[in-house]
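Every chain is named by a letter (A, B, C and D) in the order it is written, and numbering of its residues begins at 1.
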Amino acid sequence: MILTAILFAILASCLPFLFMKAKRTQGWLVAIVPALLLFGFLSLDTVNQGNIVEQNNWLPLLGLNINFYIDGLSSLFIYLILGMGIFVFAYANGYMKSYPGKSRFYSFLLLFMAAMLGLVSAGNMILLFIFWELTSVSSFMLISFFHDKEGARKAALQALLITSIGGLSILGGFIIIGSIVGSYEIQDWIAQASLITSSKYSTAALILIILGAFTKSAQFPFHFWLPNAMVAPTPVSAYLHSATMVKAGVFLLMRLGPIFGPTDIWQFVLPLFGSITFLLGAFFAVVQSDLKRIFAYTTVSSLGALVMLIGIDTDLSIRAALMFLLVHSLYKGALFMLAGIIDKRVGTRDIYLLGGLRKPMPIVTTITTLVLTSMAGVPPLIGFLGKEMIYEASIQVPVVAPYLITFSILGNIFMVLTSLYVGYMVFFRKEHHWPKQPQRAGISMAFGPLLLASASLLFGVLPQASIQPYLQSAIEAIKPEHVELKIKLWHGFNKVLLLSIATVFMGSLLFMFRRITVPFFVTFYKKVFTIHFSDRFFSIIDRFMRMNQRKADVVQHGYQRRYLSTIFLFASILLWYIIVQTWGSRSAVQYDSLSWVLAVICLIIVGLSFMSLPARLGRVSVITIIGGIGYSVAAIYLFYGAIDLAITQILVDSLTVILLVLVLPKLPRLVAFTNARGVVRDMVLATVFGSAMGIIAYTSATNPAANKISDFFEEFSLSIAHGKNIVNVILVDFRGIDTLGEITVLVLASLGIYTLLKFKQS
Amino acid sequence: MNTTLLQLAARAIRIMMLVISVFVLLRGHNQPGGGFIGGLLAGGGIVIYVIAFHTHQLLSKTLRAMAPLRVIGLVLALGSGVLGMVLGKSFLHAQWFNLNIPLLGTLHMGTPLLFDIGVYLAVTGVMVMVILLLMEDRKWN
Amino acid sequence: MIVFAPIIIPLIFIILSLSLGKASGAVQRIVFMAGNVTTIGVAVTILRRVLNEGYLVAQAGAWEAPYGITMVADTFSGIMLTLTSLTVGVVSLYSMAWREDKLNKPVFFALIFGLQMGMNGAFIAGDLFNLYVWFEVMLISSFVLISYGSKKIQLKGTLKYVTMNLVSSFFFVAGIAVLYSAVGTLNMADLAYRVREANGELNLFAPSALILMGFAVKSAIFPFFFWLPDSYHTPPLPVTALFSGTLTKVGVYSMIRFYSLIHLPGDVFYTQLFLFIASTTMISGVLMATSQFEVRRLLSFHIVSQIGYMIMGLGLFTRLALTGAIFYIIGHCIVKTNLFLLSGIGYKITGTFNLKQSGGLMKHKPFIAILFFISALALVGIPPLSGFFGKFMLIKGGVESHEFIHVASALGVSFLTLFSMLKIWNEAYAKDIPEDSQTQDFQFGKAPKQLVISSVILVVVTLSLTFGSKFIIDICDTAANQLLDIDGYIRVILNR
Amino acid sequence: MLSIVIGVLYAVGIFFLLRRSMVRIILGVLFLGNATNLLIFVTAGLKANGQPSFLAKTAEATKPALSDSLPQALILTAIVISFGVVAYLLTLLRKTHEVTGESDLDRLK
């Protein structure tokens, strides 16, 4: 059932091409897909009917099965993905109207949605990884939608590279845990949590997985890809970079919370990096001028808050995390869409150019104000609830509470400032530099933000009736034995409320003095944060490539003889290593009986070899030496009674000499190119290698195997194969196939010579 | 060196080498010799002949004549193997039979001999081709 | 008996191609394709029968096992036969539409069949010296093919290719000689039998090191890979594509085959050596690949890198890791060949192999872009495409053997692979044709349909590796299991 | 003693292969070829004054004195194969020289 749903979603990515003709309504038509799916998943109703497990065998050998596991947590994410999906497609219908290649756009957006659905409902962690990578790839295509712009290509490359570092590391982590547990099923993992955490490899696995989650969820120091990804069309930003993909890392952490939650690393690393990201993101947002980049940084900040909350790992913090997740998706999705509308209608996203949009765009103004208020955490909007809970959770942490609270408050203050400042700059101030006269937004584009904003309001006023059951069942997925927590807009006058009020107050104060504070922050930002992670990333890549270029030039230098020296050097090392290793194990040495005939032949060969060494050598002497050595070798064969061999050697040698006579005159004379040092070096290498070969030859010649298969040939050569010349019988009968191959080699070689000589150059 | 004497000698050498090579080929199974050695000898004979006369015409004529030898050689060698497969148990499975030829008496023949002839032809063809191609390339004259 | 067919059929077609020199081009082409189809048919038949019967053994000349030459096909051979013949077939189809001077002559066809014959022989040889002979058949064909056309750059590359491979052959023969002296047999099953009989008494270090060096150069592993990146980008593109998919795999195949026979339990030296080689090969290849701007050269460096993964399987030497390595070989062969084919199509369209000068393929040829994107991701191992499964099994095997350093390098290398594939994507596909090229009356060329069709076939195969992954992995698993079951191998061949 | 010869042949062959002069490559390959063939021959175990591997009608009588026949067959094959390859290599060098006009390998990058 779930498999069918996801397959349907994947296949649906072909649909946009069918609707290519429907230019005006393509987005609406595509939006039917998430609507249908949402309907289907709602009918599963995990809140009342419990978790759903679906198992399909795929590769049981590898432990890789298409198993799905949907609990409250998955459901929450599924509703988010599909719900936002509907709005985004509807929005895209208006936004993408005039772009070529929008079918491709819809198609990848649907593919992404399918991957995201799979990711949150996967029960098998490797399956989860598969969907994880799919989201990366489809987001790559979406970010680089305007692929002829260099910025888009670079940003997409950056996003994919960063997330794939994370992807590979979670794969490593999953496999390590998988080999501890012996299964990749999340249920097995949770069941065996203590086994995992007690293993000595679990720390490594955990760090790898955290790394993966951090890259995906844009945690410091990997946060920089997210703002850069804003080159994507706005529907993509609204969908991937606020509500869904960046939350995948958060989802993964929540998934694994029951296993690793209690560990020290978890409770140290996550709050640490989470809080840093929280604060930095919020601060960076203040100093930006591009609307989408501002929202991107606030997203980074919110993701930091989420990670921090997950790391605290108490019932309250998990509840806060889930709540805030929902809150953030609602307002951030809407904000991106609104930014897109403004961009489309006015022609810029720069808040210093925008201004006074209150008059020409009243609806947009209203919605944006509402949503920004939610972001600022002002009651009665749902943003307030989220913020309350963050404080509530941070306060309760032992030991580090003061730090976390400080980070949270500072982060939230900047958030409030940003909300106010953006609202003021875009809508309410008088002066403006519009590139074009603003127009009203169409229904298609305004539809999404409007509904999302109303949801923020509705959920904030009536949390108990609307979202409580879903959150409750999601919390149960992470904290099985937790007590029921009520969510109320108003829960009395206490420390937490005080903090909230203080935050809003401080934020407003900063806003009041915006003429001083904002420029101050900007200069502060420029002074302190001189390292731009993104630029640094590309410069590292550049440097890396240059370094590799140098390395390639060094290693792959093109000098043949140095390649050969390397080969022989390694060969010598290996052989000498073996000779030394096995030195003691040789058996009694037998000396071959000396014979003066043999000695003379050997001397001749050695002598001729040395005669050939001089650098300048006439062609005639070369040919003589080669011929001489060949004949001497033949003499050795003859000495040991190998007549066939000797004859063949003599004949082949003669032919080789003929060849040399034919070709050498066409080749340059022998001259020395190398200097003395090179000669010495090569001589040493040659001697080392030659002696190794000599020793090996000697050792194995004196230790022959006891029974050899050639005895058989001697026995049966005549009786069965009807031949007295054993060598010939071996060649044509016992090992005829070798000979067949050999004449094939000859024929092919003659073809080669033919092609070399006969084909004229074109 | 382009003398009639050499050419005369070359003619004789060629015939002699060819005869010897066939002889070596046939007796190869029992005494030193065989397809390789035979082929090399035959190739040598032809090459010497061409060197002695070395005209372009002869060269290219010989080349044309020799090229198919390689293929025929391969066919024979392969054929003997396939014959073993058809008649016997396996590829290259030697098949022996007695041929009764008048005058020569009974000849003990087998597919290995066929195989060896294939080797002989292929080797001859390749050797001659290689050397002649290189000779042609040098453009003696 | 069918075991001989992979050798006999190409030989028949060598003969046919050579004797059809005077026939019309169409007839020659038909014979060429018929040869390819027959070879594929034979290979598939063998694979099917091997899956049913376990081993197919035949003794050449009907001489019983250790004495005659044994031809034996097990699942691994069956896989390799099918794989290479399929690749050769597709590339042949491609090359007929490539239209470069002198490319589609009978001589060329004969050489392709020669290459095929050599590779097939190497896959089914049950005898070491016989393996050498097939290597030589394969090498001489590849020598000629790589120099085919005799362009200047090509000859330079060929010289390196030839010299280094010749040296490796000498190593190999020397190894065989020493091995024969020590063990007294050439038959691989008999060798394994005697090694096991001797119970570790036999000292095979020297011969196996020599043989290792022989294989090492052929399979282009660290530090013996230099010839590959210097020569692979020089010949006509179909030849490059053919080599990239098949040649080095033969080296890897032989390595896995040979060392599984003499591998004794607890043999730490070779395990560590192979793992070291695997990591260094992977890393050095990919590092150099990232800096290249010539597509063919970039891809050549990648071949080196990915050989490392295959060797990693050999080093780990567990069932899972070997399964992974075999699956990886399959996926890599198909995908790498296809990437070369696609770079050729790109060349036909944009007129350059240089990434800096090309571009615009995505905008103007979206279909080609899709083909490339799938292949590139499959090479990187983005799930669920084919590269993933092999990599996954290797990494899993590595983790289970606690070889974490090598696991880490495998993961890191796959990241860098992604990087360099994206580089091709961004430069050749995503970006527009650079301005300076546009001004010179630039026009997109046309890629003949047949080229695209060949590439589509390979993409379909790549995708079917995903959809049929269960089936394929089962086959690979059977093959790996057979590789580990040396006793079974000995029993079947020697009847002992 | 033959081992020394083998060693020398290998060393000289390799020395040649490492030269910059193109022609030396062919010499190196020839040396290596001879060295390898001798290696096969020597390592197979020599019997001094061995009889040629021919069988008389009474095979049993001569058997002990025969030198190992299999390596001889292997060498024969190896010789012929290397001849083919050497012929090709020679032509290749010749062609390379013709096309590039170089004899210095270092300039053939």
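Just so we're on the same page, a contact is a pair of C-beta atoms (placed from the backbone, for glycine too) under 8 Å apart; a residue touches a chain by one contact, two chains touch by 3 or more.
In this text the structure is predicted, and so the values were computed from the model without any measurement.
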Touching both chain B and chain D (chains): A, C
B-C or A-B, whichever has more C-beta pairs in contact: A-B
Distance between chain centroids, defined by C-alpha means - chain B, chain C (Å): 37
Chain A and chain B, separation of their C-alpha mean positions in angstrom: 63
Whole-Å gap separating chain C and chain D, where each centre is the average of the chain's CA atoms: 29
CA centroid of chain A to CA centroid of chain D, Å: 51
Multi-partner residues of chain C (each touching 2 or more other chains): 11, 14, 60-61, 71, 129, 133, 136, 140, 143-144, 147, 150-151, 159, 163, 167, 174, 177-178, 180-181, 186
Chain D, residues touching no fewer than two other chains: 17, 35, 39, 43-45, 52, 54, 70-71, 76-77, 80-81, 84-85, 87-88, 90-95, 99, 105, 108-109
Of all residues in chain A, the ones touching two or more other chains: 558, 560, 564, 643-644, 648, 652, 655, 659, 663, 666, 693, 697, 700-701, 704, 708-709, 713, 724-725, 727, 731, 733-740, 742, 744-750, 752-754, 756-757, 761
Contact graph of the chains (line, ring, star, complete, other): complete
Interface residues, chain C side, partner chain B - complex: 1, 4, 8, 11-12, 14-15, 18-19, 58-62, 71
Residues of chain B defined as touching chain A within the complex: 28-37, 40-41, 43-44, 47, 70-71, 73-74, 77-78, 81, 91-92, 94, 96, 108, 110, 112-113, 115-116, 118-119, 122-123, 125-127, 129-131, 133-138
Chain D contact footprint on chain B (complex, rising order): 30-32, 36, 123, 126, 130, 133-134, 137
Complex contact set, residues of chain A against chain D: 557-561, 564-565, 568, 592-595, 598-599, 602, 605-606, 609-610, 612-613, 615, 622, 626, 629-630, 633, 636-637, 640-645, 648-649, 652, 655-656, 659-660, 663-664, 666-668, 670-674, 682-683, 685-687, 689-691, 693-695, 697-698, 700-701, 704, 708-710, 713-715, 717-719, 724-727, 730-731, 734-735, 738-739, 742, 745-746, 748-750, 752-753, 756-757, 761
Touching residues on chain C, where the partner in the complex is chain D: 129, 133, 136, 139-140, 143-144, 147, 150-152, 155-156, 158-159, 162-163, 166-167, 170, 173-174, 176-178, 180-181, 186
